[in-house]
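In the two assemblies presented below, chain A is common to both, partnered first by chain B and then by chain C.
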Partner chain A sequence: MNDFAIKTTGLTRYFGGKCAVDQVSLAVPRGSVFALLGRNGSGKSTLTRMLMGLLEPTRGSANVLGEDCRHLSPAARGRIGYVAEGHPLIDWMRVRDLESFQKSFYPKWDGRLFKSVVDQFGLPSDARAGRLSRGQRAGLSLALTLATRPQLLVMDDPAMGLDPVARRTLLEAMILVTRNAGHTIFFSSHVLDDVERVADHVAILDKSVLRVSCPVEFFRARIKRLVLTFGGTPPPLPPIPGLLEARRDLTQLRLTVANPGPELEQLVASLGAQAVTEVALSLEDAVIAYLGERGEKPSLLQSDQLEAVAS
Partner chain B sequence: MEFAFSISPGTGSPIFRQIVDQVRLAVVSGRLAPGTQLPSVRALAERLVVNPNTVAKAYGELSREGIIDGQQGRGVFIAEPRQIYTNAERSRRLAPFVEALANEGVALGFTSEELLESLRRRLAKMDVPASSRRKPS
Partner chain C sequence: MKAIFIKELRENGKWAALMLVAMSAVLAWGLSTRPSLVGDFVMPLITGCGFPVIGFALGLLQTLQDSSPGRWGFLTHRPITRAQILSAKLLAGICLYFLVALIPLGVAIYWVATPGHVAAPFAWQMTLPRLADAIGGLMWYAAGILVGARHARWIGSRLMPAGTALVGSIAALWFPLNMGEALLIFAIVLAIILPGAWAAFAGGEDFARQPIIARWTAGLCVLIGLFCALGALAGFSTSMLRSLTGVERDRGYNVYEFAPDGRMLIARESPGIPASVTDLQGKPLPLLAESEPTRANILVVSMEDNDPQHMSRERRRDEQGFQREGKYLRSIGSNELAHWYYVVTRNTIEGFNAYRREYIGSLGLAGFVRATGSPQPFPEPMYVSQDEYSNPGIVASAKTAYELDLSRRTIVPVFDAEPGDPILIADGPPMFYDPDKWSVPFTVVVTHTTVHVFESGKERIHTALKHVFPETISLEICRTSDGRYVLAYQSNHPEKEPAEWVDELDPQGRLLHETVLPRLPVRNSPSPIWTNTPILFVAPPAADLWALIWARSQMISDPSDLPVTIALAAFGLITLCATLLVVRQMGLSRRAQWAWVLFNGLLGFPGLTLLLSLFDRIAKIACPSCGKRRLVTREQCEHCNAPFARPAPEGIEVFASTSAGDK
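Let's turn to the complex of A and B:
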């Protein structure tokens, strides 16, 4: 059995002269909950659509559940659940019609699971899809997908526009999926608190380029923030390897650094600060530091680590 | 009464660390007595709405530290207190924190009496017993 639910090699997509996804090599371990992060327009949807075989790669390749994404067999598609961005539904159909429509395509339909997700989101079975609130649409599209018992669940920004209650229900449904050992979730999101709750792996796309792909704990452990306090105005900064962000005020310098090595301590000591404090970073702070405009963008692609985790 | 975990994402402390710290503190302060059963990994993950691997990682660490005992299929229990580190090792692990407290305290201009007092106040909040309840191993 393949260790990875998704594996891409140099996956690239151009729209005209504009590169939307630039040589992305990504491995999603089977059984993981994998979060794809990045700003709007960073290429998350384009990447996801290529994985689902909805968009032809310009270059490179992607393997999804062991098959080339460009020629996914009906059997493989039957094992993949895809929740597209914005939860598109056939608006004139009622909830129960959508269920019987979807059911007709899938040999293994879990009617109990469909009902329990639909109930969690408070969906009346005779409501037309076009009349549902945003949270209810999300619930319906999730129910339609989960009831197919997918081995791989792919969701493009499923939390977009949801209220906190609907978001929590979405998370609960995702945790439910992890009951099936070996079932994988690959999703994109901007809600870092939710990502922190459910994801065990994280990838960051920044302006079409993959910068980070590793276990969440690994990512957090490798980003440090130091606050240096000076007697007066902080001195100018020498070049610091891996510097993501430097902010200064009257007496303090705040440095956020990726992959800090022993040379960082020496560099910091040479600045002559009165006090140096390491501040704990939240996942959100760490991601924002990575996606900010200033600073270097060191790579945190830990394919060795991924292989170690998957084996 | 069942022990109530409470976790909050979005802080500097990872969720697995929050779970570990809460159990440790509750054990030290006696709110979780030896033999108390904790929820299974799956049950706690669903209750807290977090990835089961996160709970498993926290339980793994607690088990390595000898704070909980888990038998496959029989549940997870608070262990009888025992010392898993040698006295030398305990002191070695404590040393950097003592050093940090002393350095920072002196740099901020506290007297030793004030520092001891603030440590005492902090410990009082945690309900840490003044005398040892750990049995030597």
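Let's turn to the complex of A and C:
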């Protein structure tokens, strides 16, 4: 049996002359909770829609549960739960209509699970989908998908626009899926706090290009923040390989780097800092540093303001 | 499947109900205006336009409502194939369509068939044209599905498949002689549209990757639509060009006309110029006063055989086509009390009370039989003339002609044909006779060899028929005020001499004069070729070439044809060059590229627009290996076979072997 729920090779998509996804090759291990991160417009939704066979790749290939994403069989679709961006539903249908609609396609429909998720989100069964709040739509969408007992749950930004309570409920519902061994979740998100809570693997799309694909801890271990303290104004920075972000204040340089190695240590030593401190990074800080503008950034505060803050 | 079917019914039910109400209202208005199922205008217009609109709207609604990316994903991501989803949609859509179409139509048919509602006969066959219109709406429904589901560059080309349904509707209106032929047309059109619709819905967005049959049929649908749109545009441009440049004023036609006294005159008519009349020597004559009927006491008799077995298909189509009223019944007269019809399907003449709208009886071999008895059929099919210049005072079969007097409700046999010389036609009296002045009503019976003229039921003239179809197209018979008859045989060969043969007979039927009239100098002179330029530009080059060769073969010399030919050749060349450029942008295989170039060499501009409508332009980027621009869809450069370079690493990449596809 294939060890990967999803495996793509050089997956590429153009819209006209614009490249939305550029030769993405990634593998999602079975049983993992895989988070796909990236800024708006980085190609997350395009990648997800290609994986679901809703968009033709311009080039490259992708296998989902062992089948080519261009020709997913009905049986494979039956094993994949998909929650699209914005939780699209048939708006005129009531909650109970949507349940019976969805149930008719899935012989292994789990009515109890559906009810428990729906109850968690406080959804009345006679409410029309079009009149639900964004959080309720997300809950209904998730309930409709989870009750199919999918082996692979694919969600495109499921937490978009949800309040913290709804997000927490959504996370709990997601965790339900992972109780079954071998079940996989692949989701894209901007909410890094949630990603940190549930994801064990992370991938980052940066301007259509896949730059990161690894376990979360591996990623955190590869992103370091160093605080260099100087006696006076920090010297100009030489080119530093893997530099994600550099911030400067009166006597300090804060460097965030990827893949630190001996070369970095030599470069740091050559700057003549009085002290070098390594600061632990949360996943959120690491991803923000990763997705932000590269290189040294000007401080938002002027130097006299910085002196005032320092005094 | 069932869930999709029910979802479609519920989702589109409200729209269907709205359409049902609208169609019912329009049908009710139509029946109040012209209470007939097979009338010449109102009912065919309502069902011929209403059902297509309903079908197209339903097809569009069913596809467009699910076309947003999110909704499309929700609908299609389930353990059934897209073909199954489409099947359920089609089944629901067709059910809704037939509910919307057949409920109001059924009520309308029931109302018309109920005695006391319409002062006209009813036969179940009269419902067939309207049922055909309802079934024909399925072509539009399928076109709606294709238009809604097909990915297209812009809304104009997206709408093109509707042109195929339009052509199907027009063909079903004009060509079929029976329901079977109409159904065959619908089946052919559906066989063209449905595979394209299926592929557009189920096959994905990339046209080039759809099955070949779907690509061919979708391409054909779009091509037919393009021809319709470009043809309409070119036709409009041509008429505007002719109107603005005034070339129409130079056109005109000269025709021979009867004077009320039986003399032959020459009338000249041209757009925008007052008509002029001269005698045969060219001497100008005063025009008739507008109040004086110009066709008084003249019968125009078509010289074609009216036996349906000997009729040409074109004539049967024109007179007894499936959608024509004449296939089912023909009005043979009305007065303030009654309407009389020859009912083709029963071979009877039936009368209806004009006020109570009830059947009053039939006219047949036994005379008038009241409504208590069943209508009496004639032993043979009857021919009833329905031209605009005569009153129905005589009807005939191949063997016998009968004079009718509808006010007295009598029918009298006036002529029996000799064996081997069947009746071609019986006609008369003329529409515009005026008994208070000088004209006398007369009827005419023409057999294959003789012409018989009757006045008040008695034969006045009996003369040999000199020319028959196809040598002549019509026989015009004029009765003068002094009782002479002039017979003019109009030639059916516009390019040959003579134009007409004219025989003048005295009141006893003896030949007084025999005149052969020469062809008139100008008859419908063709427009200059340059005025057809818009049509020539959008027509396939092969058709243009044929048109120019034909014009030369017809000795239509035109000083503008050389510049027009050069312009067309240049335009054809530009089209070919544009095709060459465009096919290279479409990422097609070399073989497909040459096939398109060859195809567009035959089709010209419509072929180029078809190419642009079907395929998307593929982006090109510079190949880092050879520097030439390469298509982004190909794994390897088409110039140097180099694969695509990976995105340049920035030194920040973090990959673990467990989650990197090929790193």
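Everything that follows uses one rule, which is that the second predicted complex is superposed on the first by the 294 of 311 C-alpha atoms of A that agree within 3 Å, B and C clash if a C-alpha of one lies under 4 Å from a C-alpha of the other, contacts with A are read in each partner's own complex, and residues count from 1 in each chain.
The rule is simple: a contact is a pair of C-beta atoms (placed from the backbone, for glycine too) under 8 Å apart; a residue touches a chain by one contact, two chains touch by 3 or more.
As the structure is a computational prediction, the values presented were derived from the model and not from experiment.
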Partner chain in contact with A:275 - chain B first, chain C second, else both or neither: first
Which of chain B and chain C A:9 touches, first, second, both or neither: second
In the superposition, chain B vs chain C on chain A residues touched: C
Which of chain B and chain C A:56 touches, first, second, both or neither: second
Touched partner set for A:198, first chain B, second chain C, both or neither: first
Which of chain B and chain C A:33 touches, first, second, both or neither: first
Touched partner set for A:142, first chain B, second chain C, both or neither: neither
Which of chain B and chain C A:17 touches, first, second, both or neither: second
Contacts of A:291 with chain B and chain C, given as first, second, both or neither: neither
First (chain B), second (chain C), both or neither touched by A:85: second
Residues on chain A lying within both footprints (that of chain B and that of chain C): none
Footprint of chain A on chain B - complex, ascending: 9-16, 42, 45-46, 48-54, 57, 104, 107
Contact set on chain C toward chain A in their complex: 2-3, 7, 10-11, 68-74, 76-81, 204-206, 209, 617, 619, 632-635, 644, 646-647, 650-656, 658-663
Parts of chain A lying in touch with chain B, wherever the complex brings them together: 33, 168, 171-172, 175-176, 178-179, 192-194, 196-200, 217, 220, 274-275, 279-284
Sites on chain A touched by chain C in the complex: 7-10, 12, 14, 16-19, 22-29, 32, 34, 49, 52, 54-56, 58-59, 70, 74-75, 77-78, 80, 82, 84-90, 92-93, 100-102, 104-106, 201, 203, 209, 211-215, 218-219, 222-223, 241-242, 244, 258-259, 290, 294
